[in-house]
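Common to both upcoming complexes is chain A, partnered first by chain B, then by chain C.
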Partner chain A sequence: MLLTGPALFVYALVIVLPVLYSLVLSFTEWSGVGWPRFVGFENYSRMLSDPVFWHSLRNNALIVLVSLIGQIPLGFFLAYILYRRLVRLPAFFEAVIFFPTLLSPVVVGLLFAVVFAPVGLIADLIGKIQGLPLFELLIFNSKSMAIVPYLIVILWMYTGIYMIIFLANLQKIQSETIEAAVLDGASEWGILIKIVMPGQIPVFLTTSIYAIAGSLKGFELLWVMTEGGPSYYSSVLGLYMIESTFSYYKYGFGSAVAIMLILLSVVVIVVLTQVAERLARET
Partner chain B sequence: MASLKLRNVAKSYGTVQVMSGINLSIGDGKLVVFVGPSGCGKSTLLRMIAGLEEITSGTISIGGEVVNDVIPSQRGVAMVFQSYALYPHMTVYNNMAFALRQAGSAQDEIDRRVRAAAESLQIKDLLNRHPRQLSGGQRQRVAIGRAIVREPEVFLFDEPLSNLDAALRAQTRVEIAELHARLNTTMIYVTHDQVEALTLADNIVVLNNGRVEQVGTPMELYHCPANKFVAGFIGSPQMNFFSDEAELNRLASVLRIELEETSTLGVRPEHLFLCDAGKSFVSGALRIVEQFGEYDLAYLTSKGGVDFIAKVPPESIRGERGQILGFTAVSEHVHVFNEVGLRAR
Partner chain C sequence: MKHTNLERGSVARWLSGATVALTLCFVGAFAQAETTVTALLPFTKVDNAARFTEELYARFQEQHPDISIEFDYLEHDAYHTKMQTLAISGNLPTILTLWPGKRTGYLTDQGYAMDLRPMIEQDNIAETQRAVFLSPQGANGEVYELGLPLVNYSNVVYANKALMAELGLEYPATLEEFEEQAAKIIEAGYRPVVYGDQSAWVMQSCLLSMLTARIGGLEWFDKARRGDSASFSDEEFVSAIATVSRMVDSGLIAESEPMTTREQAMSLFVSGRSVYLVGGIWEVSNLKNALSEDQQANIGMYTFPEIAGQRTTSASSSGALNTGYGISSSASEAEAAAAWEWVKFVIDYANADLATKYGILPVYKEGGIEEFLENTLDMESYRFSSGIETVLPVIDDKMDAEGVNEIINAGLQELILGNTTPEKLAVAYENWVAANDSNRQ
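Right, the complex of A and B next:
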């Protein structure tokens, strides 16, 4: 206890205290000046009855989904192809796929705002294919579809990081283990499913936790791309929290959204850990 | 059980040729050991036989059939790797059953073969364990068991004892010899340890720089090495070589043999006997004596500056460092190599 004291102190200072502070603040109404006024669960009930909250939560769920069933499996699949050298120039592809991860979200946001603009690159391409020179891409006008460009961008931008994580772990597998499987008559698919995948379950779990945490708290790329708009169509909980807190000076309400984000992260990560443990036991 | 033939097998990586002109014929049921120093190509040759490495030219035949284009799992070979290469997430049973499942064998047949192999290797109680729960020796048995259940025509062992401690290595070596005697299957065994090579092999293939230096029985290689490399590689401690002109003249006159100026003369440490320095075949200043209980090894330097070793009875040398000691040898135990290192006598 004595030896872990300094670390626990720092952890308490930068993690536990701010969370507790937010928790306390979430039960108050406070504009940043004067004394906070205790309002009980009013912020929470207002939040849960706000359609913007539910739409932002829906968008967050889609982002988590794209991370879990898009970025991670795709990252693993690409890593496996490179690890097994099933393509020529694996080092080139590794660099190309990882490159977007190195870019600033602001740069990417600005770039793709233009790409998906009503008369941007995508609109131009579709127009050329359909022979309609005045074609306008109105995807952002659709409440249900406005988040889709962002989903495409995060798939492009962050798959590389999962590929690198998986590649590093795949390289820890002894080449002789794969060769033994080849001699035992396993096909490439058999090697992937029966030999390689089971050993990667802990990596899938770690990357999933990383992806969920990143998906729930991320907002900067979206802020540059759409500012959550038009209206709130492409908003996420992170943006909803920031706007409530710093645009409308509702510190209590913003804290309630923050607490909700923390609870959501914890619940999803606990469920995921249970699933991964069961999977590991079964294999 | 099958014979194995290699004809003019060569291997290149780009423009770098690592093996060339490999011709070997391995009879049914023989245990052949590939031996040589690190980087000589012995593991590459084994992997080419397994199909894990492609050959650049030549042919490999197993059981009379050319297998150059046959995939590894269809060649009828099973391999035991240096690192065991067990599947870490599978139990011992599933590790051993994996190849049979891939081949679509019936569950009854899989169960019968796995349990029979486990029984013969005394690992029956380990079938439900994972590799991480096993010792090095147990893992090696599982790796051998995984090969046995496939009932291959040729077993390939790639330095299987390298990761074991000395005592376990000796024990497992005997078990492999017993396994070969029991199964009577063709086995190829790669090692850099000449003790393993000499004790296990029906025939030894000595490799150096991607070429076969000599093929023969252990005793042929020990008594009649084809060249200086084989003479130096087989036998421990290694053979002493003398090529100093003055020393050669003296040795030639003592042994009453004809020697050319460019000859090299070789005598094994165990074939040198202590004698009076005046009547000696070779003499040298004592540097150090190592005592092994059963025998002593004396490290000496001759007048010509050549370091040599003599294996002598225990405690037969009581001299001090720098003392001049004389040794003799019978002429049958003296090997002569010509200027290019080939055996001349």
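Right, the complex of A and C next:
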């Protein structure tokens, strides 16, 4: 206890205290001027009755989904291909796939804002091919589809980081094991499922936690790309929280959204951990 | 040895000379800078406004060597955050940059800014400034800020006159004619009008505000704002929103507008792919940067065409008074007097040449600024401003930001996409205003 004391103290100072402070603020109305006024659960009930909150939550769920069933499996798949050297020039592909993760989200946001703009790159190409000079890309005009360009961008941008994580772990597998399996006549699929996959379950769990946390808190790339628009169609909870807090000086309401985000993260991660543990026991 | 004495003597003389010079410098500095005040400005040092302020201050110091102002610069949003913090901690700068509308209500409504009326009266400012620039800003007629006398018009129709001539078009006199033009322009393979509404405020600030005051009239708007036998669910406001719908149907507003940025709209206009651009008067500086002198001569600036049944003249545009300087209510008597000297200096006609040099075109009571204008687009901009008979209110300048942003701005984008109706939007906004807006408290 004595040895962990300093670490616990720092943890309490930078994590626990701010969260507790947010929790207290979430039950108040405070504009940053004067004293906060206690309002009970009013901020929470207002948040839960706001359609923008639910639409933002839905978009966040889609982002988490793309991370869990898009970025991570794709990252693993690419890592496996490179690890097993199923393509030529694996080092080149490794660098190319990892490169987007090195870019600033602001740069990526600006780049893809132009690509997906109504009069942007894609619209220009389609317009030229079809001979329609006034062609406009209207994917953002659909309430349900407005988040899709962002999902494509995060898939492109962050898959590389999972690929590197998996690649690093795959390289821990002793080559003799794989060679023995090949000599025994194991197929590529068999090697993947029976030998490689079981050892990667903890990595899947770690990357999933990382993906969920990142998916729920991220907003800067989206802000640069769409500003959450049109209207609130591509908004996410992070953006909803920032706008509520700093645009209208509603620190209490913003704190309620922040607490909701923390709760969501904790619940999803706990469920995921239990599923992973059960999976590990079964395999 | 003699040599050393000589050296000692010259060093001693040098030291005593330097001491006298330094003392004189200090005495001079203290004698000249009797009062030092502080100011926080809502723009960064790389901004055009910063360069203008610095040059203006250099001129101010020539006339007022006894006053020193320590300027600090902050980006717009950070400025507001810091001012709130400074207000709470009792550390506000002496000179405040204030908005005439609601934007800095967190200072003016809380008593952090001084009412300037006694000083305005004492120095007879009404003799040199037009009445509109001395309009009341507080609930009891308080005037908290004075700035360069200009109106930031938010509804200007910029026209590419060369493209209009190519298509055989004249600037439309009525909305019906405008709508007829839209069809012809689309048929010719061009975009009729661009706005750049991705940030959502454009459609409200640069179009709906003008439509609302033109259709409803100034008196109705003021009553609706206060909830005095009028409201935003009235036919006047519904009709203004319905006009936006009508413009979507006729092609004057493209469905892609909610995701078109200002930069993209500007690019479509300057590259000759759109005949008109609707925006604020501030677009003049962007156009000057983007176009050559010859191309600038082809840009016309107009008020929006006449709308059938409008209650206000067509020689009108929505606009908000310029931001200006106020004085912290916690300033000492000497500090307040020094700050007031700066405020008076900023609005002085004698500095009109400096304002125009930086593309700022104020409207003075004492005289025009034509003689300082060299750029054709500046001249066009000044012609536009001088021709405005009635300044219409900008909704987000008069009403609380949250309701405007969350209900009107977002709602207008949904309206353009066909996902709401004018009636629903008007009712939703009235409900919000009735429950929350400080105008109704």
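Note that in this section the second predicted complex is superposed on the first by the 277 of 283 C-alpha atoms of A that agree within 3 Å, B and C clash if a C-alpha of one lies under 4 Å from a C-alpha of the other, contacts with A are read in each partner's own complex, and residues count from 1 in each chain.
We take it that contacts are C-beta pairs under 8 Å (C-beta built on N, C-alpha and C of every residue); 3 or more make two chains touch, one makes a residue touch a chain.
Being a predicted model, the structure only gives us computed values, none of them experimental.
Three-chain overlay on chain A, with chain B and chain C fitting side by side and no clash.
Looking at the superposed arrangement, the partner reaching more residues of chain A, out of chain B and chain C, is C. Residue contacts after overlaying the shared chain place A:176 against chain B, while chain C stays out of touching range. Of the two partner chains placed by superposition, only chain C is touched by A:229; chain B is not. Of the two partner chains placed around the shared chain by superposition, chain B is the only one that A:190 touches, whereas chain C remains out of contact. In the superposed model, A:41 lies in contact with neither chain B nor chain C. With both structures placed on the common chain, the touch criterion links A:198 to chain B but leaves chain C unconnected.
When the two structures are aligned on the shared chain, A:21 is found in touch with neither chain B nor chain C.
When the two structures are aligned on the shared chain, A:9 is found in touch with neither chain B nor chain C. When the two complexes are overlaid on their common chain A, residue A:92 makes contact with neither chain B nor chain C. Here the smallest spacing between CA atoms of chain B and those of chain C, following superposition, is 52 Å. Common to the chain B and chain C interfaces on chain A is no residue.
Those residues of chain C that touch chain A in the shared complex are 77, 81, 84-85, 87-88, 106, 110, 186, 189-191, 198-200, 254-256, 258-261, 264, 268, 401-402, 405-406, 410-411, 413-414, 417, 419. Taken together, the chain A residues at the contact with chain C in this complex read 31-34, 52, 113, 117-120, 133-134, 136-138, 140-141, 143, 226-227, 229-232, 246-249.
Those residues of chain A whose C-beta lies close enough to touch chain B in the complex are 174, 176-177, 179-186, 190, 194-195, 198-199, 283. Taken in their complex, chain B has these residues touching chain A: 50-52, 72-74, 77-79, 81-83, 85-89, 98-99, 102-103, 146, 150.
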